[in-house]
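Okay, structure first, notes after.
Each chain gets a letter, A, B, C and D, in the order it is written, and its residues are counted from 1.
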Amino acid sequence: MAQLTMVQALNKAIADEMERDSSVFCLGEDISDKDGGFGGAFAVTRGLYEKFGEERVLNTPISEILISGAAIGAAMVGSRPIADLQYGDFIFCMMDQLCNQAAKMCYMSGGQVKVPMVLRAPVGATQRGAQHAQSLEGFFTRVPGLKVICPATPYDAVGLLKTAIRDDNPVIVFEHKKLYGGKRVEAGAIAPVGEVPDKEYTIDFGKAEIKREGTDITIVANLLMMYRAMEAASHLEKEGISCEVIDPRTLVPFDFDTVIKSVKKTGRLMIVHEDTYSNGWGAEISAYVAEHAIYYLDAPIVRVTTYDTPIPFSPVLEDYVIPSTERIIESVRQLMDS
Amino acid sequence: MEAKMLLEMYEQMDLIRTYEETLYYLFLEGIMPGSIHQSHGQEACAVGMLYGLRKTDYMASTHRPAGHDIAKGVSVKDMMCEMFGKEDGCCKGRGGAMHTGDITVGAIPANAIVGGNIPISTGIGLSLKMQKRDDVVVCFFGDGASNEGAFHEGLNGAAIWKLPVIFVCENNLYGASTSIKNTLNIEDIALRADSYGMPGEVVDGNDVLAVYAAAQRAITRARKGEGPTLLELKTYRIAGHSRSDGCAYRDDVEEAEWFARDPIELLKNKILKEKIADEQILADIHEKNEQIVNEAVDYAIEAKEPSVDDVLLNVYWEGD
Amino acid sequence: MAQLTMVQALNKAIADEMERDSSVFCLGEDISDKDGGFGGAFAVTRGLYEKFGEERVLNTPISEILISGAAIGAAMVGSRPIADLQYGDFIFCMMDQLCNQAAKMCYMSGGQVKVPMVLRAPVGATQRGAQHAQSLEGFFTRVPGLKVICPATPYDAVGLLKTAIRDDNPVIVFEHKKLYGGKRVEAGAIAPVGEVPDKEYTIDFGKAEIKREGTDITIVANLLMMYRAMEAASHLEKEGISCEVIDPRTLVPFDFDTVIKSVKKTGRLMIVHEDTYSNGWGAEISAYVAEHAIYYLDAPIVRVTTYDTPIPFSPVLEDYVIPSTERIIESVRQLMDS
Amino acid sequence: MEAKMLLEMYEQMDLIRTYEETLYYLFLEGIMPGSIHQSHGQEACAVGMLYGLRKTDYMASTHRPAGHDIAKGVSVKDMMCEMFGKEDGCCKGRGGAMHTGDITVGAIPANAIVGGNIPISTGIGLSLKMQKRDDVVVCFFGDGASNEGAFHEGLNGAAIWKLPVIFVCENNLYGASTSIKNTLNIEDIALRADSYGMPGEVVDGNDVLAVYAAAQRAITRARKGEGPTLLELKTYRIAGHSRSDGCAYRDDVEEAEWFARDPIELLKNKILKEKIADEQILADIHEKNEQIVNEAVDYAIEAKEPSVDDVLLNVYWEGD
């Protein structure tokens, strides 16, 4: 058992897979630490150059169409690329390659080709302004052909990233900047350290984890918001409100069974995410439950999300638009009263 | 040796033309779904570039893929079935006219996003290099595509990593209805190779042997690990951009000049002049091609539709 | 009163506005019909070159970043560009300019600059395969700063497009290929012809239209699906099921009031769209109602949508994945039974 | 005349340096939110390009905007307030370090997407031309940005439409930690101008007068309606890429060589050598700049935070 930060866990998963399978390689901007390079904007790929050499830890130009296109092409003919985005927001620069190419290639070709690639994209607001702050999950949970995962703990990071690398489909991994740990400490960062078994393991996609059992309300929350939901649940317990907190861990595929089972027990559903309110990934969860399990609900399905604005730079405003533990607590109280 | 090659080239070019003209009539008859972009007039580009390539070499095409596919060895029957959206199509009817291909002969299923196949070809080249294979990728695109960001990023990547990719710009003077005069401030797209420190070459795209010669230079370079090349093949599409296009935007003089340089006629004249074959032999070739295409049509019309029960199949990979 | 097709109506709106305001101009691939050019992939911009000249009907290279960037830049300094996409699917090639630039510019600048631009994007499946078929609304209903409209009738096309052109924000107009009319007749096209007053008018955003009143179920549907929903409603009437059909007309802003008012009356809500099921724009409507009006519901909220696949080329499969009138009818029956 | 210009240039360059160094200390003290990308060492690029421009000319900047903003005339106080996220900031605290600007002096609020400002600048140029204004746009970006698709598409558009845009590539040899040796297969980015049929020029970016001279040539051309120019300013950033970067990826020899060519020192030497001013005058200038910056800091620290009640304001335009 090792105690690892998210950055260490992600690094371990990549290193293990590169060790295991010589077709795995990394590419992205500043990902190598050769000759004093960054080893990734958040240092996730540090040390890999030394272990695996320049060819498998490939620094690219600032060129997101190239990064994504190169990953797709390489994946189509036998490689297993892990592409890196410095900030998730830059994903729009490669949107065609992801949505029109990677996602559709297998289907359009009638199953001739597969695209086993991973794209890692940091999300979350950290006082950098609107172009370095977005939570982007909902753009991709609507693209058939893509898988979308959101590991929030070091344990999950290792298990899910390994599964992603071994998956034969394009997988987008959203990681939260405030969970990374490591040298860059952002205001309000949590940087969880968690146990990671030495023994090799993977985690299947589509299996949510009940982080905390409860009876009054089901809270589904990912990434940083999972931690805030847990904190809120602790507080609310003192008020006699028992929250069940579920981390879906993967958004596509999504473990609706676990959520619906929980809703059957609690009768109340709240979704908490840093993604936008309108058509955030929670909209789909809410709509799905309203379609398939509405009769188990005793109250409205509530979404506690970032407000529908570009993320403001001002720390005061940024803190306001992103769901805080207090906002979650208050929202639960209101929902329990309704 | 050269004689054999010329006749095979002729056979392929004629097959492409026969195939695409047949499609056109099928559309006119109203029995074929969707639309098509014919490569009519550009057959020398496809055949000159791809003649003699290995099955393990790759080819990446565009919305106008039929010529490239046939020259790379995709079965006409599989393509025809695809055109009709049938289960026996090369893409099981899921792809359609703009996505035909067959990975088993190195024809990457085609890409309908202008420029979209360029960075992907760079990626294929990257993997080939990492795998230490000496295979190459031939990536086709149009003059119009050379204005896409994907062109810029894809060529730059291939250049800095010295990848075995041959970038082939078929400059047919128009992107849809728009003349290159309005979209490019330069004469030769090949010049853009300089931006990436890659060799660029202008080639007569209607002369299949000129194309072949340039292709061999670029392929040899690529196989030796010396990196990519940009070839600009000057050519002209005889048909419209797509099935509904009457080419009102082109003037008669220009058309007449280019039509007089029909690549199939040029090759035919050469074959006849050099007495490599006589009219009869060429007519036989054409007849054989017609038969291939007609059989494909008959088969495709009768072939079975995909089952709606399988509609979700291959949204995700089903396992090797 | 003129009887116009959608293409004629859109053309009229653009021509009128170009006439009225010299800062309005069009740009896009093949939009001019100078010297025999297309006048737009669907002929919407035909004849404008002759009226307004080359400068204001600007053929661009095949270069979507340029088209969008040029529109944004021009809009920032006093022009009112109308940008054109040949097929909506190519929108991913300009995604950064739309989502990171156009949408955020006003907010990030603290209100210094506005971006009054329109982007017209044809959607819908017409036997062209997966890269020429998508319905993309849900990608943009989640981007704060953008407005999203979907005119389905010639009357609405004129009124809404004029409003879009005069709006000081970036507006994305989704038009349906099977509604256009004009020379290219697609299999299954409807090509409505409708009355358009000679007198100038505009239609405010955020005002849904009740296309048909009913008492048993509320159906919200846009573009082609609105017509199919209307057809379904006619059939269902004969079975004694009374459908209220609402065309939201604009998705951002969305007229939740009209929908909720209707749901209060009918107790049942169905959303029909050609957008994807998962996180399609209907997910938001469903989730919103599940959050704000759940107590008025007598049944699950059902979404009848395109199945979650890349759009298959095969006409048989394409027809199957897109909601048909029959599928809508069957779904209503099931919902009425539940 | 030249004397006045040189002193004003010096004053601006010193102000930029003073402002950015102060920011750096504020970060070290931990009282400033977010991050910053300093233009330390590149001040001659900003000032040489923008000196003497009209307010009605536009400037479009990047994640590293402070120098450009100051040279275009944005108030240091407004920028400092923005850095602290205050309501009095040039972007009302909504933008932050990577989005500063002031449209009223022609400084387009900066763009943090590498290359993102390039096609937008083309659009501004397009509108200027349509409005028949003889104003110009100066668009800054880095060596790294020249590998983005947005660069390719933006420059091509400006070239074919002959727009009044000056594209300025500040080649500081690195994109973040990555050397241009690994991202470009060519020596000079200016060469890429050829792809668009536009003039390209390599300039010593640390010599403010060389930059100014090249700027004037390009601006004159643009104002006359002769179209865009690509200028490549060879320069070096003295500070790290962002506040947390120690530049471990650069070698000492390279750093020493470039540090010896600090643009402010070069200008200072010239001024002293040509006896345009003495040490004391330059010290006074610096002192005045320090005062401006310090006053801005004091003001910004005390300035009021934006109200959360206004958080939705300007998601959409609120009316003129």
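Note that a contact is a pair of C-beta atoms (placed from the backbone, for glycine too) under 8 Å apart; a residue touches a chain by one contact, two chains touch by 3 or more.
Please read all numbers here as calculations on a predicted model, not as lab measurements.
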Taking each chain's centre as the mean of its CA atoms, which one is most distant from chain A? B
For chain A and chain C, what's the span in angstrom between their mean Cα positions? 31
When the centre of a chain is set as the mean of its C-alpha atoms, what distance in Å lies between chain C and chain D? 40
If you average the Cα atoms of chain B and of chain D to get two centres, how far apart are those centres in Å? 45
By residue number and range, which residues of chain B touch two or more other chains? 91, 93-95, 99, 111, 113, 147-150, 153, 156, 160, 182-184, 315
Check each residue of chain C and list the ones that touch at least two other chains. 60-61, 63-66, 89-90, 93, 96, 100, 107-108, 129-131, 144-145, 308-310, 312-313
Which of line, ring, star, complete and other names the graph you get from chains that touch? complete
State the interface residues of chain C toward chain B in the complex, per the touch definition above. 29-30, 35-38, 41, 59-66, 89-90, 93, 126-132, 183-184, 187, 307-310, 312-317, 320-321
Touching residues on chain A, where the partner in the complex is chain B: 25, 55-56, 58, 60-61, 63-66, 68-79, 81, 96-97, 100-101, 105-114, 116, 144-145, 147, 168-169
Touching residues (chain side chain B, partner chain D) in the complex: 147-153, 156, 159-160, 182-186, 191-192, 194-198
Sort out for me which residues of chain B touch chain C in the complex. 33-35, 82, 85-86, 91, 93-99, 111-115, 144-145, 147-150, 175-178, 182-184, 244-245, 247-250, 305-306, 308, 311-312, 315
Okay, in this complex, where on chain B does chain A touch? 58, 89-95, 99, 101-104, 108-109, 111, 113, 116, 118-128, 130-131, 149-150, 153-154, 156-157, 160-161, 313-320
